[in-house]
Structure formats: structure tokens, C-alpha cells
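What follows is a pair of complexes built around subunit A, which joins subunit B in one and subunit C in the other.
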Partner chain A sequence: MELYEGGCDLKLLETLEGHSDRVWSLAWNPATGASGTPLVFASCSGDKTVRIWEHTPSPSATWTCKAILEDTHTRTVRSCAWSPSGKLLATASFDATTAIWENVGGDYECVSTLEGHENEVKSVSWNASGTLLATCGRDKSVWIWEMQPGNEFECVSVLQGHTQDVKMVQWHPSTDVLFSCSYDNTIKVWADDDDDWQCVQTLGEPNNGHSSTVWALTFNASGDKMVTCSDDLTLKIWETDNVQMHSGDGYAPWRHLCTLTGYHDRTIFSVHWSSGGIIASGAADDAIRFFVGNKDGLADGPSYKLLLKKEKAHDMDINSVQWSPGEKRLLASVSDDGVIKIWELVSLSTGNGY
Partner chain B sequence: MSEKFSATLRIGDLSDFIAPSQACIVSLKGLKSNSTKPDKAEVSTSNKQLQRDPVKISLKDCLACSGCVTSAETVMLEKQSLDEFLSNVSKGKPIIISLSPQSRASLAVHFGISPLQVFKKLTTFLKSLGVKAVFDTSCSRDLTLIESCNEFITRYRYSQSMDDESCKSSLPMISSACPGWICYAEKQLGSYILPYISSVKSPQQIIGSIVKHHVCQELGLRPDEVYHVTVMPCYDKKLEASRDDFVFQVESRDETCENGLRTVEVDSVLTSGELLELIQLKAEDFKALEESPLDRMLTNVNEEGHLYGVNGGSGGYAETIFRYAAKTLFGRDINGPLDFRTVRNSDFQEVNLEVEGKTVLKFALCYGFRNLQNVVRKIKSGKCDYHFLEIMACPAGCLNGGGQIKSKAGQSPKELIQLLEAAYMENVLVADPFKNPLVKSLYDEWLEQPGSQKAKRFMHTDYHPVVKSITSQLHNW
Partner chain C sequence: MVSELINANPIVYEKKERRARSAPSDYSDEYAAEPIDQQEVFDHVRDIKDPEHPYSLEELKVITEDAIEVDDVQSYVRVTFTPTVEHCSMATIIGLCLRVKLLRSLPSRYKVDIRVAPGSHASEASVNKQLNDKERVAAALENPNLVDMVDECLAPSYG
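And then the complex of A and B:
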């Protein structure tokens, strides 16, 4: 039985305090949560620090802050991302730099600092193989860096295309295609054409795109669907041809599939698609919402329905929501209220999520 | 003002690279597409200003502000526009025009004729407007190259002679001809990079110096009486011409105006595209124009009427200095083309000279912002083993400058570059700058020899780190 058929609930497992300013973002370490490795995630904040949190297995089953990464960034740390191997953490800061941290026996060492952005760096993302890193920021540019031996990073491209602040960059989960979204209301898709990277598609208002700032984007598990969230109070689902995308037979364009409208009444800052197909959104109304594909309505084309809305999940704006890796339906959320919350989405009919 | 602005906007998407940033000290209504759309207060930004009147900013403002990296295309170019040029034409000032070989190639591709024909027809066209002479910056570039060769040998020997800290900043030597790069280095990178940059002026400023300090004297004119215009592939050249370093006091024999006039080496810069605009404005059937003889005084044209110059669409700095250094330092004559090897992409190429199994010369061409970033990072971390870097801000170098004529409908940027590269050396004989008779006589009559006191005074310049303004820091708070 699907989780949501019998209704479900969002259970708060823990509230983590420690940051002394708003928490902007978090990232689960993808190499944790399986085969006995305890879950780990990083959170970053306006207090200029990054905190590393680790789950302590039973009996107490709580979260502890294992490390505080400080004295490197001189301003807000806006975004963080683990490399696919979980060995490196990249952090993007308003101090115009991106730092690369390596976990050396539990100690996090800053092994490289990427300079180049003119001012605030807003987001950072690793590609699927961990060889490329993308950053973006208020200078309207998107940068692609290639990892070299010895933790050296070379800039392979500086992409000018957005006309405003770029809010987020995100690599496709399986191909080396980069997505960016901006205050200019568009999503841009970037691909390598042998010698340099090019914008291969712009998803804007004329293509059923957003009519205000696009804050975040995320992919489904198979990588043929993407959801974007915006200040225009909608979520938009996009799709592409999975077969063409992986055949290497040219670029597979993305098209608008549907718009989830009427569910949000404040800006949606964050959206994340779980491996099990549940979309979570975090918004300026302090609520977390969950959406799933609606199997009943296929006659009218694909549609998505609201599964659950958690009011007052935080006391202030929710800046990021992220599903954990591993078996459990764990979700972490961070907010302007300065705390991190760990939730579990549980099915009411069975009392747990399995 | 506004119609002029849209003309500059037309080239705005030519990724010549970074547009005015939010930290610009002048509130540029309309230039920065200010939006009043609410945004989450991630940081305080300055884009909430709403001003109805157009704001004028001079290139001097631009140079002094640490807000932008390079900005020339998108700001109002009051002093450097076609209108300004036309108004000087109508005033009847003696006008001298110096044409870059990249602009020649751009017009040649546009009209489908040879660069030599372009040069001769342009001479006809410009003289019909009242221009006195049309010169060629390949000529002054030969002087830039000779001074650069001389500077390189000095730096190389210095770096070999001592082993202390001070000689660390002698190499790599970095070319100085690209104003976008200079602007970026002064504003974003600052003092650690500037000592590496060659002190030799760009071909534009060298021809400016020759025209205003030497030719004027020969012609019996005061430097401020002559209006000197260059035609360049690049908008940032306008910024270069506006630098305070290239303003000088007119030395007057007339005692009464002893602290009077200040003038500049280059009064105005037009881009290749603006020159085309001028041709179209005058409704000339360009291809049907007569071909006038070229002004030989400062033009690389030989007795038989052939153009000559060095290889390389961005000025041939790495190639010329490499050959000269190989010969001078190691007695190696390199015949045939240099073996440039693509390193990461076509805009990053290197060439090495090995002597007894040891790499003694390592030069690179480094074009475009991304490649520039990487060498700069290497220099900063002390891991740069190049001896010379030819850095140009534009991908594909100067032939692809932001001021070049845009590609025609259906023509890809890559196709256009290929056409420009082919046209660039069409009709041009490859010649050693040291054998240029015009440059030789400039040294004989005026500058003495490469690196002399006189050459230092007229052919070299300085760079200054731009201190971050309080305003830009506040905006970046």
C-alpha cells in the first residue's frame, strides 16, 4: 500500500539549535545513512558558520553537532553541497568565495578556496561524478569549475546569460547538464559543446514558465522530471525525453508539464523531490507541504495533489527542505528562526513510514 | 542620449564580458535593469533606486569606481561617440585616424572585399569627410612589440640573476594591450598582479604618443590642435584612451600658456561597428568608392604597395617575443610556425622552448575570462611557471572584440571568427618588427633605442590598483 493512501502525518523528531542567525541551507551527506553509516548533514547560516550534524544511533537516537566550520568565511554562508562520495563539502558565501572542505578523520579542513565571483555567491552544486562544481551569484554569472588532482580547481566556464541575481545552480542527477534559476524569472539549461558551455534552453514565462523569481529546482529519481518553485506562488513540473537524454543523440529539451497553483500564498523558497516520488516545499508562510503524482486523474493528463500541509513548521520563513538519503522518509528543514528541524513523514494507517 | 544608449545596447549581448555591477557608484537608471520586484532580503542591494532622468557617467567615473569590472559597452560614452566625432569634423579640426588591422578585417569580411581594398576605400571615404591622414596601428604595434621584447629580456635576465623575493614579480610577464584585462587587474585583482604586467603601452596609445608627441611637431601643429581618432575592435579601448596616464601637458614655446593646455594621446575611439555606422550614415556605397593611396608616414605598407605586419589576430605578442627571446637568450632561430599546443581549450595554448632537455621558455596565449581566471589563480598561489602570458579578455582574442561588426543573419559566431582570421592576414606579408623602416626611423630620429629614457617616457606607462570605494563596499555589505 502506498504511504499516502491511508493519509499521513509529519512527525517532528528533533529541533536542533546552535546557529546564532538564520539558517539558509542544508545538505545531507549522500554517502551516509546506508549500511550502518550514521546519517550526516551540514547546515549553513547567516552566522558565517557551517555545522556538521551526525545522527547518533540508538538508544538515545539524537543528533549531535560534530563540527563547526568557522573562521574561513567572513560573511553569510548561503549554500553547501557534498561531493557524491561524501568526502568533500563545498560552501558558498556572501564573501564572494566558495570553500572546499575535506573530512580528515572527523576534522574538516579547508583545502581550497575558489575566488572569482564579483560579490555574493548564492549556490553551489556538484555534478554526478564529482568532477565538476558549479557556483552562481549576485553578479548574474554561473561558473563551472573542474576538479584537478591535489584539490585544485580550474575554472572551465563563466556563463553570462541571466540578467539578474542567480539564486541556485543544480546539476542534473545523471548527465552533465547544469540548471540555474534566477531573480530574472527564468531557468537556464547549460551544456558543454566541446569547447565551451552554452545555454541550450531558457525556460521563461513565454514557455509557461514562472512570472517571478525562481528560487529552487529539483529532479525526480529518474531525472526525466524537474520541479521548480517561485515567488509567483507556484510549483512547476517540467519533463524531458529520458531515452533521448541518455542516448547522446543531441540535447533533449525540457517542456512544461503542469503547474501546481493555489496551494501556496507566500513565496516558495525551497523544493525537494524524494527518491520515493514525494515533493516537499518550504515557503515564506512557515509551512511545509507535500505533493505526489495523482494516479486517478490520468485522463486529464498528469496531475499532482497535495498530500499534506504542515502549518507553523517553523516560526519564520523556511529557507530549505531536504529529504535524507537512506530508507526512512526523513526530512530536514531550516529557517530564518535559526533552528533546524528533523521530521519523519509517517503513514497513519501503519503508524510508520514503511 | 537615449537613442545613443540603445545603440550601445545593441552590442550589449556580445559577452565582452561583465556589465556594470550593482556596485556602480552612479545610479544608472535604465542601464541596470532595475526591478522593484520584492526580493527576500538576502543582502541589502542598491537596486531600489528609481530615478527618472538619465544619468551621465564619464569614462573617468568608470575608471575611478571599483564597482564594475569592465563596463565600457553599457555606459554612456559621451566623449567617445560618433556624434562627438562628427561634431569635430564639422569644426574643421585637423583629424588623424589610426585604423587597427582587426577593424580592417572586420570591414573586409562585412563587405566581402580584401583588407587592402578596405584600407584604400576608407582612406577615400574619410578624406572626403575632411580627415587629414589615415594611419595603421600595425605600425605602432611593431614599436610595442620591440619595446616588449626588450622588456622581456630584461625581466628574464633579472629573474635568472637573483634568487630573492624581488625577482619573483618579474616573471611571468603579462601583455598589456588588452584594456579589459588591465581594467579587471586594477579593479578586481589589485597590487599583487600589476607588477607582472608589461609597462609597454598598447599599440593604440603608442600611435597616440607618436601622433601627438612626434608627428605634430613635424607638422608644426600643437598636440591639442589635432584631433586623433583610433578605430578599434574593442569598446574597452575607449576606457583606455580616457586614462589619466595618457593625459599630458602641452609643451608650448609660447610663454603665455605655460600651465595651460592638457591634452590626450587619443581623443576618441570608434569601434569597427561604429565606423560601419558612419559609412551607412553617409549613405556611401562603400564598395564603389575609389581606392586612394595609403598614407605611408605611419602605415605598414612597402614600396610595392603590400601591407606587412606580424602574425596573430590579437597582436602576436607571445609569438614575437618568443622568437626574439629564443634567438637573443639561447641563440635559437625558429623557422616556420611556432608549435602552439592547445592546453584546455582553443583559447588556451602554450609553446615551449627546450634547451638541453630543460624548458627554458614557456609562453601561453590565454583568451577569455575563464582562462584568465585560472592563470591569475596560479600566479596568486605562486604556481605559475609561464614566462610570458598573452592575456586577452575576449574569447578568441581581439578579432572577436566586442566592437567588431556583428555576424550576419544565419552566420554563426564561429564561422565569423574563421572568416576574420582568414581575412586578417590576407594581403599582409609577415615581417619582423625590428626590420620595420618606419619604426627604425622613429628610433633614429626620436626615441634613440629600445628601452631608452625617451622610450620609457613616451612608450611605457604605469598601472594603479583601484581602491574599493566606500560606496561599493557599502553596496556589498
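And then the complex of A and C:
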């Protein structure tokens, strides 16, 4: 039985204040939330700082800001990402740099600064093994960095191909294939062919792609489906052949599966697929929406249905929504209103979380 | 300094008479929230100075009251402006000025779309896309040269 059959509700657990400008993005530390380790996430903002938040597993169950990473970035911090081990945090800034922070006994030290982009860096992502880092920015390029001993990062490739600024980079969850999405309305797939990184596929309007800026992308747990969100007010689901992907060269072509349209009223900035199969999207219409695969629609091929719509989730645009790791799935959302909200999606029939 | 003006001889129109805001009909509650209307939004932007002339956007008919759509219930404003020439490279600066002025003037619940009038600009789609990409707007507003330009256009001396 599906947990959401009886309907569900989004319960606000906490509202976190502290940033003095819009909050652009957040990242959960993937090594937290299990076996007694309290959940930790980082948030970044137009106030040029990054904040580290930790859950206190007390009866009051509250969140505290454990650290403020400041005086390093001189402009907006647009995006942040933890390494898979949770030991390093990468932060991408409009100041054209990407900083690497190491948690040393609760203190965060900037151990490396990656320079090379001409101007605003907009997104940063670690690959599954934590050996490669990708960045992208307004200069239309995507950079791949290899981690060397001693927190040194060497640029191994500068990928040109997008014709406008690149909004987000995201590694595939299990293979070293990189995805980027752009103001040029396309998603590009990059793979390594004998130490030579190349664009192996472009998903654009001619192959049922988006008709305006693509802001974000995310994968399902098994890595054979991807959802993208756009200024064209749609979400698009793409799929690939998992067997082909994990055999041979690690790359299999992606094809359009379906388009979720008519739900959001303004630009969709963020989308995140939970390991339990629930897609959350956050948009400039201040709402969060949840979608799940619709098993009833199998006759016409797979389809997705709206599970829940939370209007006025924030007072202003929602810039990022992210599901937490760990046993209990929480959702964090950040907004132009400067606050971070922690939510739990609960089933109305069982009262349990997902 | 700009050595060559994009539009050297713009037509200058007369300013519209400033109407007093009509008094609220219900005097019993003077603190009642008054809805924001077209005239109020127009008053916020009419005196913005053109980036290359000592005239206001109203005097150059870049902005008219009719080109402002307001839905106070939905907290939505759309401003449609008409650049003085089709190839106006100042269009993005004018749009940025409009956005900053409304950002400072309207309650934060408002969603604002800014666009050039259909058919009024050679790169209409790309100008509109840029003006409504909030990440680009945020980045532009961290650029000291652009901020100086915008602040100069918004300086209150052109009343």
C-alpha cells in the first residue's frame, strides 16, 4: 500500500532566521541524520555568508546555527555542496571563486579557493566518489576539477558548449557523467572519453525540451530518471537505460518521458527527487508542490500526479527545496524572504512521515 | 561619458498633470489598507530619469500610466515600457531602473514583471528574458558601475 493513498499534509516544523538577505540555496550534509549523527545542512545567501545549521535531538527538537562562514566571499554565495563524506563543503560565489571549507573540530576553515571563472560562479557539485568537482557560471563554461592530495584542486577540463550562462551543474548519482542546465534553454550531458570530457547529448526544444531557462535538475534514487524545472513553468521527466548506463562506457542516451505542466504559475527554480520517489518543486509563486508516479496511468505509459500543493509556503520566491538524508525525511526550503523552513510531509491516514 | 548618443534627438512630451490621490470613500477607518492602483505605481516610476537625457521616462513617453497593469489582490504588477528607438541599448538599464524603483517602493509580496512593448525593440525576447531573470538582476545589482548608473537615474532631482 502506498503511504500517500489517504492524502497527506505538509507540516511546518521550524522557521530559521539569521540571513540578512535572500537565501539562494541549501545543502544537507549527506553523512548526517543516521546512526545517531544529528542532521546538518548549510545555507548560502545574498548576504555573502554561509550558515551551518545542526539539529539538536532534544525534547524541544530545535535547530541551531553552529557556524557562520564569512569574510571569504565578497559577493553573493549562490550555491553550496557537501562532499559525499560530509567532510568538505564547496561554496560558489558571484565573486568568481569557489571556496572549499573543511570542518576541523566544529570550526570551518577555508582550505582552498578555486579561481578561473571570468565572473559569477552559479553552481557547484561533487561526483559520487568525491574525487571530482564541477562548477559553472555566467561565462557559459563548465569546469571540472580533480581533487589532489592536500586539498589541492586541479582543473582538468573547461567545457564550452552552452551559448548562455550555465545555471546548474549536477553529477549523476552513481556514474561520472555530468549534467548542466542553462539560460540557453538546454540541458547538456558530459562524459569522459579517455580523459577527454565531451558533450555527449543536448536535450533542447527539438527533443521535447524546455522553451526557456532551465534552472535545476535532480535524479531519482536509481539514477535512471531525471527531472528538470524551468522558467517555462514546466517540469520535465527524462529517462535512460540503467543496464546500458552501468555497462561499457557509462553513458546511455536520455529521452523525454513526460512533461508536468499547468501546476506552477511562475518560474520553477528548484526541484528535488526524494529517495522515496517524491518530487518536490519550489517556485517564484511562493508555493511548494509534490509529485509522485501515478500507477493508474500505466496504460498510456508512466505519468506523474500532483500529491500536494502548499500555497504561501514562503512570503516570497522559493529558491531551493531539498530533502534531507537519514531515517526521517525532512524537507528544507529557502526563499527571498530570508528564512529557511523545515517541513515534514506526513500521511493523513497513518500520521507518519514518509 | 557616452560619446555618441543612441537617440540624439528624442521627442519630449508634456508631463501629465499630477492628480491628487482620491480620498478613501469610507472615512470611518482611516487606517484601512488602501489597495495599490495603477496611478500609484505610475507615480513611483514616472520621474525616473532617462539614462542618456535630462528628461524623465514620462516626458519621453517611455512609460505611460496605461502601460502599467496592477492586480492588488494577486499582488501582481506588470510594467510595459517603450524604448525611444528600436535598437536602444539602454533598454536593459531602463528596465533595471524600473525594477529597482518598484523593489524599493512596493510591498515585498508583489511580483513584478517588466517588459518592452511588443514590437518596440529589435531584441525584444532577449531583453525581456534578461530583465526577468532574477539571478542576472541580483548579479547586476552587485556591479558598482551599474548601481551608480541606476542610482543616478533614480536620483530625486528630476521631479
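The definition used in the following text is that the second predicted complex is superposed on the first by the 349 of 354 C-alpha atoms of A that agree within 3 Å, B and C clash if a C-alpha of one lies under 4 Å from a C-alpha of the other, contacts with A are read in each partner's own complex, and residues count from 1 in each chain.
FYI, contacts are C-beta pairs under 8 Å (C-beta built on N, C-alpha and C of every residue); 3 or more make two chains touch, one makes a residue touch a chain.
What you are looking at is a predicted structure, and each value in this text was computed from that prediction instead of being measured.
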{"item": "Clash-or-fit label for the pair subunit B, subunit C on subunit A", "value": "clash"}
{"item": "Touching partner for A:Phe94 - first (subunit B), second (subunit C), both, neither", "value": "both"}
{"item": "Which of subunit B and subunit C A:Thr175 touches, first, second, both or neither", "value": "neither"}
{"item": "Touched partner set for A:Asn242, first subunit B, second subunit C, both or neither", "value": "neither"}
{"item": "Touch count on subunit A, higher of subunit B and subunit C", "value": "B"}
{"item": "Partner chain(s) touched by A:Asp139 [first = subunit B, second = subunit C, both, neither]", "value": "first"}
{"item": "Which superposed partner A:Thr37 touches (first subunit B, second subunit C, both, neither)", "value": "neither"}
{"item": "Touched partner set for A:Asp337, first subunit B, second subunit C, both or neither", "value": "second"}
{"item": "Partner chain(s) touched by A:Glu120 [first = subunit B, second = subunit C, both, neither]", "value": "both"}
{"item": "Contacts of A:Asn207 with subunit B and subunit C, given as first, second, both or neither", "value": "neither"}
{"item": "Partner chain in contact with A:Asp317 - subunit B first, subunit C second, else both or neither", "value": "both"}
{"item": "Steric overlap of subunit C with subunit B in the superposed model, located at which of 2-10, 74-82 or 128-136", "value": "128-136"}
{"item": "Overlap of the subunit B and subunit C footprints on subunit A, listed as residue numbers", "value": "76, 78, 94, 119-120, 122, 138, 165, 183, 212-213, 231, 284, 317"}
{"item": "Contact set on subunit A toward subunit B in their complex", "value": "76, 78, 94, 115-116, 118-120, 122, 138-141, 154-158, 160, 163-165, 183, 195-196, 212-213, 231, 267, 269, 284, 317"}
{"item": "Footprint of subunit A on subunit B - complex, ascending", "value": "15, 17-19, 21-23, 33, 35, 37-40, 42-43, 45, 69, 188, 344-347, 369-371, 373-374, 377, 395, 476"}
{"item": "Residues of subunit A that touch subunit C when the two form their complex", "value": "22, 46, 75-76, 78, 94, 119-120, 122, 138, 165, 167, 183, 212-213, 231, 266, 284, 315-317, 336-337"}
{"item": "Complex contacts: residues of subunit C adjacent to subunit A", "value": "108-109, 111, 129, 133-136, 138-139, 142"}
